[in-house]
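Below are two complexes that have chain A in common, paired first with chain B and then with chain C.
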Partner chain A sequence: MSPAFLILALLAVAGAVAAVGLRNLIHCALALAVALAAIAGVYLHLGAEFIAFAQLLVYLGAVAILILFAILLTRGSERSGSGIFSAGWGWGLGVALGLLATVAGVFVSARFPRAAAAVSAAPAGARELGTDLMTRHILALELIGLLLTAALIGAVILALHERGREAAPGEGR
Partner chain B sequence: MSEKVDQIFVALKHWLAGFAPAQWQPGVSALLSVAALLGAFAALFALTTLLERKGLGRMQNRYGPNRAGPFGLLQPLADGVKALTKEDVVPGGADRVMHFLAPLVLVLPVFLALAVLPVGRNMVAVDLDAGVLFFFAVGAATELAVFLAGWSSRNKYALLGAMRALAQMISYEVPLVLSALTVVMMAGSLSTVSIVDAQAGYSGWIPRWYVFTPWGLAGFVLFLIAAAAEANRSPFDLPEGESEIIAGYYIEYSGFKFALFFLGEYIGLFAASGLAITLFLGGWRAPLPGLEIVPSYLWFSAKLLALIAVFIWVRGTLPRLRMDQLMNLAWKFMLPMALLNVAAAGLWRFLPGAGWGWLVCGLLLAGGYLALGYGFRPGRWSKRGYRFAES
Partner chain C sequence: MNGVTPYLLLSAVLFATGLAGALIRRNAIIVLIGIELMLNAANLNFIAFARFGPGAEQGNGTIFVLFSIGVAAAEAAVGLALIIAVYRHFKSAQVDQPATLRG
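The block that comes next holds the complex of A and B.
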């Protein structure tokens, strides 16, 4: 375990804990951003440059901003007086444990190459990723594209005025 | 001889690093690169603030700063001293930690982005395999910094400015990345050094820069517009519109923190211009075959200063956009044009000869330009409102 990994891991864990533990929702979102950036650092430390930069671009540049927008638009930024635990925390714990079990199951059942030589040849370069996405995983890629397009169209339709039900100005919204 | 002058900084770095013990040499060498980048670009920042004020003054029929030193050359120094000696005011309701962190979070990534720019032959701080992606990835952190600044100030103008900035930066990041994508497609690499190498050589007298292809020209213009919007430069300076929201997200900053915002904004502009030069203008390469005796870093600097002059010129010429105009430009013009441009670049790759390429790609791009211009002209479609933008 190198010092760099230790620092990054500490940052990631601390950020994640702060993201669920802090009272101010904006602080939570920013702590989550710290955790995501630290995970990008871990990727970089492992030599997966492309994935690290993609993580930064997608999670810091888009997902964190989206969360912040959502918090500000829904008035969630005001300090809540009650405790930080929601009433349904048991369900959340169940889902989290299930997810943990799934991920752990994958790790336990996966067969990692023993020899260092087998993994040294830049396994996550842009070229290899691109080739894989365009050949082996083309169906998944297209499904994701379809899903995102549907979501985009849905968002536009939600934001458009309904025809024939033009609300008078000043009507409560 | 010219070879030696060209490599003088590289040789200097190796000579200086040679004094360190052998196992420290990589670290010392990296530190020297960082120090050179920091010094050079900070000096350029000081120079640009003066040039901008002078240039704007000239365009507006006034002198600009001319009191401190000859031609006002010491004005940046005076500004620096003023920023350092001013009181650092933090609003009572502000989130103090976030308020303190925001300028740092802004300045750090913009300086990081400079690391992948090849500013001369063999002069790049790190040659990453995914250099272009690195540039955009660290740029993403500046959006968070802007939000931090606006939100932590606990000021409605600051928050308005931050929300405007976020909406604008997210919208213009798409055409920015898409216009850079064409170059990545054609050069077949994400590394900035290989992209400059791919633009080496001349066909006749014309250098093989990507700007001299139809998709490259369109990409360059799109890239510059999107870069101006990303850097919150006029005419896209809505987030800090003085006449509307005073100074936007950094209204509650004073003294050196304000100077840091200023610095971050300008360095971001330099970095974006540097990437535009690397992607489209052949990086540090000379524009004519006989001019290669001039050192490479001078060519890069000349191109950088020329692009900065363009940005100053645009700022002095165009009025600020309205929010709806800003969004319309991004989503109804820039994005479709950038997508068309990607298609044009793909076509160029498979068309035989430059003549056919110019004809087909040029027709495609010009047709797209006209169709978008006519298709979305005001009143062409029924007046459309958005529920969340009104009342």
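The block that comes next holds the complex of A and C.
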């Protein structure tokens, strides 16, 4: 466990806790960006450079900014009087803590076959990944292209402004 | 404690944090942030096992994470569009406000 990993892990956990715990939504989105960047650093530390930069591009460049835009578009939904936690939040926290205790206990007590041994082979680089994507995983690549296209069209249709509906507020409630 | 275990512990903490955020917050966008954190924790597990497990040079774990990132991007786009549509209809992005989801 190197100091670089410790710093990155602390940053990731602190960012994650801040992202789900802060009151101001903008701060939440920025804390999420910190956590995602720290996770990209962990990927670099693990030797997966391509995934680290894909994480930076997709999560930091697209998802975090998308979340920021969504927060700005839904401003005014949070009322100052009401709390930020849902009713029965104690149950949710208990479930999450119980899961953490169970999974961490399993991880600590588990014996992994080559966990103690030093890493021998370097993971696949960008060239091998590209060859793999274009040969062995070509069907999955095409499928995810289709999925992204469908998601793009679906998101546009869902978020389209409906002027006819907007004219009659409260209709359909 | 060396090898793959610290990465697995980090991913467990991130997953639990995301799950807590998805379960206890009222704002739908924070619920989505929690889901993104959980997906990232799963990706971290894949990369850690791809690095420390056998067959690292085949790149299967890396390929899996690439596709997982793509699916997560699609999920975030559709989820945020849904949140914006619900906000337009109910004037609220809290998960406990819309009691009816009919037209």
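Please note the rule applied: the second predicted complex is superposed on the first by the 111 of 173 C-alpha atoms of A that agree within 3 Å, B and C clash if a C-alpha of one lies under 4 Å from a C-alpha of the other, contacts with A are read in each partner's own complex, and residues count from 1 in each chain.
Rule of thumb we're sticking to: contacts are C-beta pairs under 8 Å (C-beta built on N, C-alpha and C of every residue); 3 or more make two chains touch, one makes a residue touch a chain.
Computed from a predicted structure; not experimentally measured.
In the superposed pair of complexes, A:49 makes contact with chain B only, with no contact to chain C.
Legend: residue contacts after superposition of the two complexes on their common chain; A:159 is shown touching both chain B and chain C.
Within the superposed three-chain model, A:72 lies in touch with chain B and out of touch with chain C [touch as defined at top].
Which of chain B and chain C touches more residues of chain A is settled by the count: it is C.
Touched by chain B in one complex and by chain C in the other are residues 50, 54, 62, 69, 159, 161, 169, 173 of chain A.
Those residues of chain C that touch chain A in the shared complex are 1-10, 12-21, 23-27, 29-30, 32-34, 36-37, 40, 43-44, 47-48, 50-54, 56-59, 61-63, 65-67, 69-78, 80-85, 87-96, 100, 102-103.
Partner chain A is touched in their complex by these residues of chain B: 98, 128-130, 133-134, 136-141, 143-144, 147-148, 151, 159, 163, 166, 170, 173, 190, 384-388, 391.
Within the complex formed with chain C, the chain A residues making contact are 1, 5, 9, 12-13, 16-17, 19-21, 25, 28-29, 32, 35-36, 39, 42-43, 46-48, 50-51, 54-55, 58-59, 62-63, 66-67, 69-71, 73-74, 77-78, 82-87, 89, 91-93, 95-97, 99-100, 103-104, 107-108, 110, 112-117, 119-124, 128-129, 132-133, 137, 140, 144, 147-148, 150-152, 154-156, 158-159, 161-162, 165-166, 169, 172-173. Residues 26, 30, 33, 37, 40, 49-50, 52-54, 56-57, 60-62, 64-65, 68-69, 72, 125-126, 159-161, 169-170, 173 of chain A are the ones that touch chain B when the two sit in their complex.
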